[in-house]
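In the two assemblies presented below, subunit A is common to both, partnered first by subunit B and then by subunit C.
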Partner chain A sequence: MRVYVLRRVLQIVPTVLMITLVVFVMMRSIPGDPVVALLGDAYTEEDAVTVRAAYGLDRPVLVQYVIWLGKLVQGDWGASILSGRPVLQDVLIRLPVTLELIVLSMGVALAIAIPAAIIGALRQNTWADYTATTVAMIGVSIPEFFIGVLLLLIFSIGLGGLLPSSGWVYLPGTCPTMVCGVSLWGNVQHVLLPAIALGVGRAAILTRLLRASMLEVIRTEYVTTARAKGLGERPVVFKHALKNALIPTITVMGLQVGFLIGGAIVVETLFAMPGLGTFGIDAIIARDYQQVQGFALLTAVVFVVINLVVDLLYTFLDPRIRYA
Partner chain B sequence: MADAGAPLRTKPRPISGSSLGEAELTTVRGVAWPAAAERSEAPLAQAVRRLRRSTTALVGVAIVGVLLVVAIFADVLAPQSPITSDQTHTFERPSRAYPLGTDQLGRDMLSRVIHGTRISLLVGVSSVLLALFIGVPLGMIAGFYGGRIDTLVMRVMDLVLAFPIYLLAILLMVMFTPTAGLIGTMKVTGAIAIVRIPIYARLVRGSVLSIKEKEYIEACRALGVRDPWILFRHVLPNCLAPIIVTTTLGIATSIIVEATLSFLGLGTQPPTPSWGWDLKANVAFIQANAWLSLFPGLAIFLTVLGFNLFGDGLRDALDPRLK
Partner chain C sequence: MNSPRRWPCALIALSVLAWIVAVPVTADAQSPKRGGTLRVSYGNEIAHLDFHTAPGYEMMWVAMNVGCGLVNITPDGKFVGDAAESWQMSPDGLLYTFKLRTNVLFHDGTRVDAAAVKFSIDRLKDPATKSGMRAFYDAVHSVEVLDASTVQIRLKQPYAFMLHMLAAYRTGLVLYSPAATQKFSLDDRKQGKPGAVVGCGPFRLIEWVKGSHLLMERFDKYFVPGLPYLDRVMIRTIKDPVTEMAAFKAGEIDFIASFSPEHVDTLKAHNPKAQILTGKETTPMLAAMKVTVPKDGKPMSKERAPHPIFGDLRVRKAVGCYGIDRHEIVKIAFRGKATPWVGMNPPGTLDTVDVNHLCPYDPAKAKAMLAEAGYGPQKRLTFELMADTEKSVFNVIATVIKEQMARIGVTANIRLVDKVSWMNTTLQDGPWDMYVEDLLSLITLDSNGYLSNSTSTWSHPRHNDKRVDEHYARYAREMDAAKRRAIAREIQEFFAENMYWNNISGSPFFMVAQPWMKGYTYNAEFEVHYHRVWLDR
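Moving on to the complex of A and B:
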């Protein structure tokens, strides 16, 4: 087991390297470069050549990548070509916003999915089950941004501006600069709609999956045995059935992380949140190479680490799975 | 992953696997051995018969059918041009002349939603088919021959899968530079197809790995049948069921990805009507003109729902063991 964990942790390195390399090469093959935007109206071919040389953009792509890596291992993430701000500082300011959004939306998803799936499976083919499955089907079919728009219509516009439609208020203690709104209640108000918008779709997927595996599990002999020995319904459902039914669900949750990162880009754009998603999409569109690299690196690390955690959780939940 | 509980099964599983199609479970449970009666039937006829029994699948088929008609006859059905602006009629509320109102350029929303069906369906279907035509042969070759080819193909596929899919699709679209019209639509199709290829390659490789050990394949080999013939006549038909199901459900996903790219401004560019773009453009005016972003959103939702219902029904009909 220990060997397996070690091997999996070591596997993170090549994956992250590959992702950052691919992003690096892709960004540099995009027509147009940041120098054009940097020079703006004062653009002349000679100036562009000098500026490119100053940033090392005239060298072969692979050489540039190695230089970027070399600086990275020394803790230097580079600086934005357009604004001159250090990339590491910028991403670290934005990371907590996105992490809060992703964690809360996963919480929303589980809070809806677990009860819905249990009720659906235990009361199979009753109206409660039909409601759960129908709502889940609808949930799978709505894109995050449309749920977001509907929430905006209801809570920000319909109910007399009950919840804010955009912007962000930081949690106490996380304010990255001297000037920003800080309050717990304000933070909750701002994160609620985006988290629901992002969480509902995941909730629907998890409900469908968890309900199906619950149905399979409650027909097994060990559940019958548990009931036969006089165990109450509660321990049977939660200790025997749910724990086993969660195993395939956990895998899918891991896969959903990729969607959550993409979904964060969309939801942050819709609600104008200062998170990593809006940072990344702005950087990609502005072709700010250094910022894009920082964004890709952090996204890749978060993605790979969460997948690793999910895999390890899998062995923990199901001792039958042994990795050599 | 779902196989963890497989050996524990004691009774024959009911026809429908999971999800909504389970509405008919009660009727099935009453029959002792439903499989016995069906055994003599051709697989295709069996699937069609099961599909026709599932209400949800039929609803899905109906939605998809209507959308296809709308997409094909968009020019006839749309009351006005989707791209001609009329500055004298901006932000009209829904009325008889403009059933869904007009946007900030005075374009008829109903006509834009109707024409948007084309882009959505075109990208959804063609991107999945493109991914299918590349991914399935790759998976078959990797699974059938194994060894170095297998390692090479699957490493590349793993690399693509290692990306969060939206990140890759966004990067590809920036690389292709989004444009309007048919070329723009083809770019989106290409970007989504690339992201989806590994899904097919993995799926097919997995099926081929188990199928190639079967006796009938060994028999083919013993008879001296050539590899391409074995692959296309004997291996492929046996892994068709999951491919068909993945394709139908994949169209739903692709339509969402297309709408998302458009929403981020990276899909087919205006003036070509696209639901995602219309939704995004009208969110800016959501305070005063709520209905404007509602209709493109509802259109996306209905389309995706149609393919999801159809795909779910197909899965239940084609292979009860599939999840």
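Moving on to the complex of A and C:
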């Protein structure tokens, strides 16, 4: 097990490097030059040449990448070309917001998916099953921004400002800056709508997957045996069937984190949240290469680490699985 | 004779009359309340906080409140002193003498004196600063310190817009504390590190967290006694107009500093008591056409050849002048909330002239001119129409133009790009035929010089007509207002006749305030000051 974990941790390094290299090359391949935005009204071709040289942007892309990597190893994530702000500081300020959003939206997804899938599987081809599958289909089909706007219209406008439309309030003790709104209740209020907007789509996917998995499991012999032994329906479903049906779902949950990061860009922009998603999209639009690299690096690390954790969870869910 | 029984009635009538008279007076003369936090929403991110070099209105609106300058301008065009108490211009127009107030302090406690003024202007003029405002100071020969409270600006030639420039060209002159500027690096200032951004305005910067918020707090030693009224101003970036509307409706924000025209009606419908602030347009919405291309193929080359399509004046006029129905565009893209305007100077800008009669919508004439230029059913004119994604209205306008072009037998292929790609293509003399954009606000025609004279980097069409430069120079040096207006007319007619600047309309600007926000004076994008704002909650 220890060897397996070590091997997986070491595998993270080339994976993340490959992702950052691809992003690095892609960013420099698309049209646009951050120097133009940096110089703004003062733009002259001569100044642009000087500034490009100062930031090393006139060197071959691979050389730039090696330089970036060299600094990264020393803990220097670079500074924004436009604002001069240290990238590491900025991404760390924003990471907790996005992590909380992702975790809670996954929570929302599971809270919807598990009961819907169980009902759908146990009452297959009844109105309850049809309702669950239809809702799941609708959930998959509606994009996050549309659900977000609907939630805004209902809860922030329609119900007289029941929930805030935008912004962020930090959990007590997590304010990363000098001035923050800090309150547990405020945090819950601010994260609820974005988490639902982001989680509903995932819920739909997980419902369909888990329902199919449950249908398969409840027809297996060991479930029939459990029932034959006189076990009640509840322990059969929750202890025997659900635990095993969750294994493929957990794999998909890990992969869904990538989609959640992508969805966070949309949802954070819609709800004006100071998270990593808005940071990333602003950086890409401004061609702020250093910030884009920081964003790519951090999201890649988050993604592979979560998937590693998911893999390790298997051993707890299925004792038959042992990593050599 | 009055009956004693009538006295009570008379008294009641008098009381009612007194109440009627007194109540409006009381309502009008509400005394401002001190305290509170003004919550402001910006639609775009602040680029950085070095006020002399950062681009974008969002930065400017911070600079105007953290910083102070020599003079400000009122909506009716009058100049009022800021750090300057008074000023004088010499009879030959070459020397401006400013007498400074003695009680103006920078936020680091140092005094705003003549040396600080000289330091700030010299910094702006220094090519190493790379300030976008440097071009505005071309007329300035030198700045001399006469004594601690008196500073003289010597000009190379008379400059009729000296005070306009100091007040409102971009941020206007923002004074920098020499001590703080030398103590902190440029990067510190750009990042808004505590203590690095030091102004002499009514608010001092507390914190800027990019992508989250910017907080300013009342500067207790501001030189105007009793001002500002607010304790704090909290600025947040909300990019999505729907979210902005929801936040406004829910009372989470007090002021939207720039609101999309296409959503104004919706916001009004949901918030009947909201204050919608707007005025005559000061920003041009144009469909620019490229006039020349580099002869040797090298971008920005001084050797120019006519653009293969729009290098021909007949084609420019057929397409831009007679082929575009400006009224239709305004009706569709702005729901009628803009003014169709051919002149390069928008309707709200000083010395503007209506030259719409020079370019009436006339598809038949457009077709005839195209035929004269060799285009027709056999040789169909096709060009690329670039629109960037910064504002959805650009794409709408491009779509309407495409449709209008089809009516005169021309094909316009729309290319949608993001803002940075647009800037790269246009600024670096890249390949483009026509683009739709609204560039920036113009307080004077003079301030448009650097967007449209033949030598400017920002003159995207790259016409090389030196007559334009002569017109601008003559206009800027003319100190007689009546003669200046005549030159302004010449310039605007000249541009329309040569189609160097193809204006569609003005680009409307809206601000939105909650009913409880009081004391704000609307002055378009030029002056956004919060020092007299107070909250009646």
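We take it that the second predicted complex is superposed on the first by the 314 of 324 C-alpha atoms of A that agree within 3 Å, B and C clash if a C-alpha of one lies under 4 Å from a C-alpha of the other, contacts with A are read in each partner's own complex, and residues count from 1 in each chain.
In the analysis below, a contact is a pair of C-beta atoms (placed from the backbone, for glycine too) under 8 Å apart; a residue touches a chain by one contact, two chains touch by 3 or more.
The structure displayed is predicted, hence computed values, not measured ones.
Novice: Between subunit B and subunit C, positioned on subunit A by superposition, is the outcome a clash or a fit?
Specialist: Subunit B/subunit C on subunit A - steric clash.
Novice: Specify the partner with more touching residues on subunit A, choosing between subunit B and subunit C.
Specialist: The partner making contact with more of subunit A's residues is B.
Novice: Identify the partner contact of A:103: answer first if only subunit B is touched, second if only subunit C is, both if each is, neither if none is.
Specialist: neither
Novice: In the overlay, answer first, second, both or neither for which of subunit B and subunit C A:143 touches.
Specialist: A:143 contacts subunit B only, not subunit C.
Novice: With both complexes overlaid on chain A, does A:168 touch subunit B (first), subunit C (second), both or neither?
Specialist: Only subunit C is touched by A:168; subunit B is not.
Novice: Counting only touches as set out at the top, which of subunit B and subunit C does A:29 meet: first, second, both, neither?
Specialist: A:29 sits against subunit B, while subunit C stays out of touch.
Novice: Scan A:124 for contacts with subunit B and subunit C and give back first, second, both or neither.
Specialist: first
Novice: Once chain A of both complexes is superposed, is A:152 in touch with subunit B (first), subunit C (second), both, or neither?
Specialist: both
Novice: Under the stated touch criterion, which partner chain does A:182 make contact with: subunit B (first), subunit C (second), both, or neither?
Specialist: In the superposition, A:182 touches no partner, neither subunit B nor subunit C.
Novice: In the superposed arrangement, which partner chain does A:270 touch: subunit B (first), subunit C (second), both, or neither?
Specialist: So A:270 meets both subunit B and subunit C here.
Novice: So, does A:285 touch the first partner subunit B, the second partner subunit C, both, or neither?
Specialist: both
Novice: Both subunit B and subunit C contact which residues of subunit A?
Specialist: Correct list for subunit A: 31, 149, 152-153, 157, 165, 269-270, 285.
Novice: So in the complex, which bits of subunit A are touching subunit C?
Specialist: 31-34, 36-37, 39-45, 47-48, 79-80, 82-85, 90, 93-94, 149, 152-153, 156-157, 161, 164-168, 177-179, 269-272, 274, 278-279, 282, 285-287
Novice: Quick one: which bits of subunit B touch subunit A in the complex? Just the residue numbers, please.
Specialist: So the residues of subunit B touching subunit A come out as 1-2, 4-5, 8-11, 17-20, 22-23, 25-26, 56, 159, 162-167, 169-172, 174-175, 177, 252, 256, 259-260, 263-265, 276, 279-280, 283, 286-287, 290, 293-294, 297, 300-301, 304-305, 308-309, 312, 323.
Novice: Which stretch or stretches of subunit A touch subunit B in the complex?
Specialist: 15, 18-19, 22-23, 26-27, 29-31, 124-125, 130, 133-134, 137-138, 140-146, 149-150, 152-153, 157, 165, 208-209, 211-213, 215-217, 219-221, 244, 247-248, 251, 257-259, 261-263, 265-266, 269-270, 280-281, 284-285, 296, 299-300, 303-304, 318, 320
Novice: Where on subunit C is subunit A touching in the complex?
Specialist: The contact residues of subunit C facing subunit A are 45, 47-48, 53-56, 130-134, 170, 186-187, 190-191, 194, 206-207, 209-213, 215, 236-240, 242-247, 249-252, 270, 299-300, 417-421, 423-425, 427-428, 450, 457-458.
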